[in-house]
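Each structure below appears as structure tokens.
Shared between the two complexes below is chain A, which has chain B as its partner in the first and chain C in the second.
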Partner chain A sequence: MVVPEVTITHLNRADGSATYTHNGYSIIGAVNGPIEVLRRDEMPEEATIEVNVRPAVGVGSPKERHLETLLHNTLRSIILTRTIPRTLVQITLQIKSLPEEESSTGINTSLTILPHLLHTAFLALLSASIPLLTTLTSTLIALPSTSTPLLSPTANELLRAKPIKSMHVFAFSGDGRLLLNESDGAFSFEEWEEACDMAEQVCCKEVDEGGVRLGGGDMEVDGVENSQNLERWLRGVGRSKVEWEQRWKSGT
Partner chain B sequence: MATASLQQQPPSLTFPRPIFAAVSPHPFLQAHLSANKKIPVRANGRSAYEFRRSGINTGSLTHANGSAVVRLGNTSVVCGVRAEILMEEDVPGTNDFPPPRTDGEDEEDDTQEIDTLRLIVPNIELSTGSTPSHIPGNAPSTFQQSLITRIRSLLLSTRLLRAADLRILYKPSSNPEDPDEEPETIVKAYWVLYIDVFFISIDGSEFDAAFLSILAALRDTRLPYAYFDEEYEGILCSDAPSEAKRLRLRGLPIPSTFAVFEGKSEDAGEQDFEWVLSDPDAFEEGVCRESVCVVVDGSRGDVVVRRIEKSGGGVVGREHLRGVVGMAGKRWSEVEKALSGSG
Partner chain C sequence: MSATTTTLVLPGDEIPASALPTGTGKRKTLKLGPGLRHIPPSTVVATVAGALVTDSKKNAASVEYNSGRYLPFPGDLVIATVNSSAAENFNCFLTPHMPPATLPHLAFEGATKKTRPQLPPTSLVYCRVVTAGRDSAPELTCVDPATGKGEGLGMLKGGMLFKVSLGMARRLLAPKADLPLLDILGGKIGFEVTVGRNGLVHVDGGTVKITLAIGQAIQTVDEQALDDPGQKKLAAGILKNM
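On to the complex of A and B.
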């Protein structure tokens, strides 16, 4: 599995932003907040969250609305909405590019993009310094009917592994709770558990518990060397950004 | 004098039940659930794992090819299936789908054909006053669009419909290229199924109700025998009801929705507690953040999970989900009985 590439806080007008590139998917995320909320949407005790997903081509369709609903529900559970009541947190995610084989895999495309959207939204929230309860990591698992399970497969790998029996998206919080799960296909509960174990390992297991190693030596991202799991990778992204911003302070 | 007597009596400090529910819905439900520690009873009188009985009626609409009315408590929904003909020559572009298999259609991979030609067109409409959050006259809300995406992708991923049922085939009487050879059977047109779901009232678990009504309506659908007439050079339908065919559905995937209610403890030291409520009503959905939807199919013996959707919180982990899948499996047989009883 290749480590995602991330640039944080590169848009100077938005409060927070992140560009995320992984497996041919590229997404720009921007967060504005806390800002003034429309009277109609205002909630007395918590912040309103608005998620906009814009597709790479054309205008938004019902599929994007569904993704927005999923993202909204998930992000609402990790943003500390009660600390910033009567405000609005606006999250805009623009899909920049999709892998070429995306449409020919014959797989529900909202599942394959969901982990990437979640990561982008989370990193943009982090960059906007929105109060958060925990971190969020997410991954995609494909169970083909003939070969071994695929971890975060690229569109090309999915095309070659056809027919796919079931697809699973998992998202875990920093303390290892299952925040989101979307599974599709035909599978037994045991197969689901197997996929869940695999996702948990890559998302949040510590190294000594047998975490899966990500990336090779040549896959360095922002100076992060061989991050062992997505949780580490996420922390590495944050750390390198802070180190860069404080280079004068720490250098003198 | 009247004002004086009012002032003497201090205002009562207890609320009647509906006011308690409206003013503070969360403590209201928690008070109900924690009143009996062993068997938690919800505000609507059901126990935590109790589903509402599903009432299913089919064949109620005269002008639809198939129809059903489904009730789950106060959620009531009407579904009508209308079949129309799509001519092969009207399909834009060239498509090459895997050729129809002659040995067994059960395993045929026809999802792509149904998906790209859009042979299933589901649509959702909310009637005025079906739910307080729906404002009539506006464009379809996020709620509607999200629901329709879920229904469409479930119809496609469960491979419920067979493309073979929807193709209108034609075998020419003689081969135009070589009169001696056997003519080839070609696809002249397709049946397109317009599935319209109309919510009369919504009281929670709208996905379950909508999908159940679609299943019942599809099981009820009869397509007239359609053929290509050589002299007329178009598709004609036979008007004999005996020649009409039913759709052969693959399996019977039935969704079950659960909501997770997180209680708040009064003292900080006390452990938080949560309840998984099956088939939530609108009031419960309003106070619950996390929801789980499991689609299972037990028509081939073992219970196979066809879909799990879970979002909104981190309470339901592996152990909870095992129980939830078990409950969905039990519910499958109940609903299956109700479905076969209706037709």
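On to the complex of A and C.
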């Protein structure tokens, strides 16, 4: 799995922004908030969250509305809405480009883009310094009918692994709790559990982190795992953000 | 451990008790600044991504970050824009698209019920945040409540407003943090700089040329994060063009 590429806080006018590129998907995310909310949407003890997903081509369709609902419900559980009551957090996600093979894979395209949208939205929220409960990592697992499960497959890999039996999107919080699961296709509970375990390994940090280091052989295995770990990747993004913001300090 | 140390935190990171300062003597209770959340009984969790800053002298901890929108805190010095005048107060904006903050007519030096200050819309006021609860509009004042004096607060006349990052504003307002750029320029030309914690800098240099040069120089230092030699070079270039 290739690690996603991210540029953070690059839009001038938005309070927070992030551009995210992974597996041929490129998405620009912008967050404005906390700002004044329309009287009609105001909630007395909570912040209102508005998610706008704009497709790469054309205007939004029911597919985008469906993605917005999924994102809204997931992000609501990680934004500390009660600390900024009667305000609005506006999240706009513009899909910039999709992989060429996207439409020819013949599978549910709202599932394949969901992890990328979640990551972009989260990074933009991070950039806007909106108070958050926890971090969020997400991945896609495809279960082909013939070969082994595919972890965060590219559109090309999906095309070659046809027919795909089922697809699963998992999102985990920083402390390893499942935040979102969207599945499509026919699958048994065992298959789902296998996919869930696989996603958890990629998304969450290793449990024994910071503990006693094992022998040399294990270290190497660790190294391979680390390159695929999304939690570690997220921490790297956070570190580069903080270093960028603190760079004047090292100069003086 | 030195007086101030920094480490990276992400939202949801629990701050171990060993990383927090332990109170001694009078300052027994730990103070949590922006970016930290206390979950009873004794858990401290970060809510934003930034650098954890602890100060063992003041027994305080906070997360330092330089992005996002300005949120008012009591005691902050801000530059507010007057929007309208109501019966008892002015409605002012601290940041765009936020509910207005209130600035009472009587919160000016020497203001009485008979002599109220007249501020037309869009005029700039340098003021202090009095209250900023999450359940009410922030309240501003232009006088020191103890002395009733202005202490430099009040309407800003002439000059021009420049936008800087929140971190830059904090850096300019920090005690004993002098920008070499302003020191050097101030030795040669006269100008007035007012810094608002809400990411605004008001510069009045008398002439448009000086005002623009100084305002843009401050923005350059902010964008490029110039260190001391870089600022000295920039200042020399500006003085040459004057």
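Here is the rule we go by: the second predicted complex is superposed on the first by the 227 of 252 C-alpha atoms of A that agree within 3 Å, B and C clash if a C-alpha of one lies under 4 Å from a C-alpha of the other, contacts with A are read in each partner's own complex, and residues count from 1 in each chain.
Please note the rule applied: a residue touches a chain if its C-beta (ideal position, glycine included) is under 8 Å from a C-beta of that chain, and two chains touch if they have at least 3 such contacts.
Note that the coordinates shown come from a computational prediction; the quantities given were computed from them, not determined experimentally.
After superposition on chain A, the partners chain B and chain C are accommodated together without colliding. When the shared chain is aligned, chain B and chain C each come close enough to touch A:Ser173. Shared-chain residue A:Ile84: touches chain C; no touch with chain B.
In the superposition on chain A, A:Gly106 contacts chain B only, with no contact to chain C. When both complexes are overlaid on chain A, the residue A:Ala128 reaches chain C alone and has no touch with chain B.
Shared-chain residue A:Ser183: touches chain B; no touch with chain C. Applying the stated contact rule after C-alpha superposition, one finds that A:Lys63 touches chain B and leaves chain C untouched.
This overlay, made by fitting chain A, leaves chain B and chain C with a least C-alpha separation of 7 Å. Annotation: chain A residues 173 touch chain B in one complex and chain C in the other. Contact residues on chain C toward chain A in their complex (touch as defined above): 6, 8, 10-13, 35, 37, 47-51, 64-69, 71, 97-99, 134-135, 167, 171, 225-228, 230. Across the interface of their complex, chain B is touched by residues 62-63, 65-66, 68-70, 73-74, 76-77, 106, 108, 110, 163, 173, 177-189, 192-193, 196 of chain A.
Looking at the complex, you find that chain B touches chain A at residues 109, 111-112, 140, 142-143, 145-146, 148-150, 153, 156-157, 289-291, 297, 302, 304-318, 321-322, 325.
Residues 9, 15-16, 32-36, 78, 80, 83-85, 126-135, 173-175, 234-235, 238-239, 241-242, 245-248, 251-252 of chain A are the ones touching chain C in the complex.
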